[in-house]
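Take a look at the following structure, please.
Which chain is which? They are A, B and C, in the order written, and residues in each are numbered from 1.
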Amino acid sequence: MKEFLLNYIQEHAASWKVQPQIIEGDEFQDCILLKFGEPRTAIFAHMDSIGFTVRYQDQLVPIGGPKAQSGYLLVGEDSMGPVECELIENDGDIHYKFPRGIERGTELVFKQDFRESDEYVQSCYMDNRLGVFNALKVAETLENGVIAFTCWEEHGGGSVPYIAKHIYENWGVKQALISDITWVTDGVVHGEGVAISMRDRNIPRRAFVDKIISIARESGIDFQLEVEGAGSSDGRELQVSPYPFDWCFVGAPEDNVHSPDEIVHKHDIATMIAMYDTLMKAL
Amino acid sequence: MKEFLLNYIQEHAASWKVQPQIIEGDEFQDCILLKFGEPRTAIFAHMDSIGFTVRYQDQLVPIGGPKAQSGYLLVGEDSMGPVECELIENDGDIHYKFPRGIERGTELVFKQDFRESDEYVQSCYMDNRLGVFNALKVAETLENGVIAFTCWEEHGGGSVPYIAKHIYENWGVKQALISDITWVTDGVVHGEGVAISMRDRNIPRRAFVDKIISIARESGIDFQLEVEGAGSSDGRELQVSPYPFDWCFVGAPEDNVHSPDEIVHKHDIATMIAMYDTLMKAL
Amino acid sequence: MKEFLLNYIQEHAASWKVQPQIIEGDEFQDCILLKFGEPRTAIFAHMDSIGFTVRYQDQLVPIGGPKAQSGYLLVGEDSMGPVECELIENDGDIHYKFPRGIERGTELVFKQDFRESDEYVQSCYMDNRLGVFNALKVAETLENGVIAFTCWEEHGGGSVPYIAKHIYENWGVKQALISDITWVTDGVVHGEGVAISMRDRNIPRRAFVDKIISIARESGIDFQLEVEGAGSSDGRELQVSPYPFDWCFVGAPEDNVHSPDEIVHKHDIATMIAMYDTLMKAL
């Protein structure tokens, strides 16, 4: 993902309104930071792929919280070559079915089956390739801001703390938007615009969320308000970091969460991009 | 709470023995720090109100861990005006009953019903208005020390890390007392003095706890030793911060925890204040 | 433990290849850091003893996650003198049986019963006295590196964050090996060499783990690859610290985990020491 993104950025940045400083390397592990102009707000988009690690025999253990349903196709590679196998779920235990044994520690991800209609895109990993896509679209016209591509969001965290440290200590940035994909629920539906999350398991500072809602209202862009008691994001690590970050999750909703069939409405993606354009200017 | 406290401090600080430096603002979100003289120890008192956020339809999701019992009265406000509604608990699901819909994301808290007798005070939010009260009483005669009014203690934390960073890096303070309210149990009862907690879910450093117990013994002030395997406090965030904080929870016990009927014995409050006076001098 | 280790180090360091700088004191609580030469990699070995705290009456609450089986012998001391009592487990509740009451807050640990055969060592606290032993053996010939003796690994953490901060900020060290004991499972067995853990509940960065496996393969030293979905270590706190640490758990496996009968094969200890010698040079 890092290589793919660095290539993409190198190919496209020339046509962007502002050329960002690209910050990456050993001190940032597999993460990338883009610094545009004089930033006041950072966009956090995680690059994780949930999936499975091969344990012993034909056993699998999850990476993040993937849905595990018999028949799902998984792909990967070990020293013996490429792997495409079938997931077998058996009373909570997860196994693979493949003609040969797969090496211990091999990582397997959902096989991609990208589907597009007039209204929807559907595939594994809409969460959070779409959050990354959103950030790259916003990058085209962004004048001031940070874009952070992060790791481990789906599995316990670990990169947001040092990124938060860097952008706060070096650039004084302490406002953040979490560019990620949320859930279709009984209160947030397909096609009615990007969701602004007032809370999930974590509760961001009310003053900041209210400010964002007020900017959203003035913008005329479609949006939906989300209120959840569960779920989490890169926002959690900003919240508990030793820096006074304000953060808000702003993202399109998907159905079939964490499965190979994640589906998102195109209007919700378009309004997500438009809302980020607006927020990055106004905040 | 922040405004209320700033007003209170501005009105009363003139009569305190030492005028504290008041540190607040954007870098401290909704928190307040008071610095008295040359501090060696900090008092942490959280300002949280547990309660509920309005989700969709008539659904509520908790803020912190409030007791949820049908018939409790909740109050709040949305753009249509003030709200006073009834909580309905139904097999773990929490709803409100109110003639009109309440706006998504509205925060509701227990309606106050303050009761006082010769021996007891009773109300919602004794946890942790009494911890705040204790800190303000100790402030009257405090010569050297920090008082930190914190946020998010009841809901995952998030302010203690940057406060710990500030007071350690700027003033070298790495001793802390957690001014908070604990539980009446089979080992800690009403009226026998402030509780000194040897551990809860977290285990503070034994050497520091022993020092506090030894000062407490010499003081002659009534106290009770608490030992729990569950429960947590601002101490947890100090413990896991990247600073070598020693901390100890010292607070009066209450019954009817996290309900509108929290009750505390006045002797336990008086000994809490006296113990803090003593500890802040001796530590 | 700290005193014991400081004594051991003072007695033995003179015969080590390189004299380390010994860093300890108030800013490091009960931890010890040894700095050898120009360090690139740190060894983390925790010093915890799991056990029990005396609560009220005859109740016990766990420190860490000890196995609690009726008949286990526990030892400790309170102001009335030494304690040797029997653990009583009753439907999940844990009690002690002793002729007199034991003081509130007294800490009890498993009574040691050290057993040694040609092939095995067996005792309580193989986890993690053997990780400490490994570090001390590696110290004998270590030229460049850090050894950190840490606290609270078994109970929520709290010392690794400030140690990580110190070694990263002062010496630029961001590679870590977790010198700890793991589990015998259906994939990791007694006597087939030290385990290199590709993941547990936490997932370290793949690039670093692959590098370690590649050095291990070239070394010719016996080792086993471990893949787990559960379990944790000091690695977790490095992972979520605001520093870009790469880490990997490398340790001998034991059976009868967290009981008084932890058992480890001597070949797995010998290969653990040899592997650390190799890794500390090659990384």
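Keep this in mind: contacts are C-beta pairs under 8 Å (C-beta built on N, C-alpha and C of every residue); 3 or more make two chains touch, one makes a residue touch a chain.
All values reported here derive from a predicted model rather than from experimental measurement.
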Q: Please state whether the interface between subunit B and subunit C is built from the same residues or different ones, using more than half shared residue numbers as the mark of same.
A: different
(Q) I need the rotation angle between the copies subunit A and subunit C from a CA superposition, between 0 and 180°, in steps of 5. (A) 120
(Q) Taking the mean of the CA coordinates per chain, how far is subunit B from subunit C in Å? (A) 35
Q) Listing for subunit B: what residues touch at least two other chains? A) 241-242
Q: Would you tell me which residues of subunit A are touching subunit C in their complex?
A: 26-30, 53-57, 61-63, 104-105, 107, 152, 155-159, 161-162, 164-165, 237, 241-242
Q: Name, in rising order, each residue of subunit C that touches subunit A in their complex.
A: 174, 185-187, 198-199, 201-203, 205-207, 209, 225, 227-229, 236, 239-244, 246
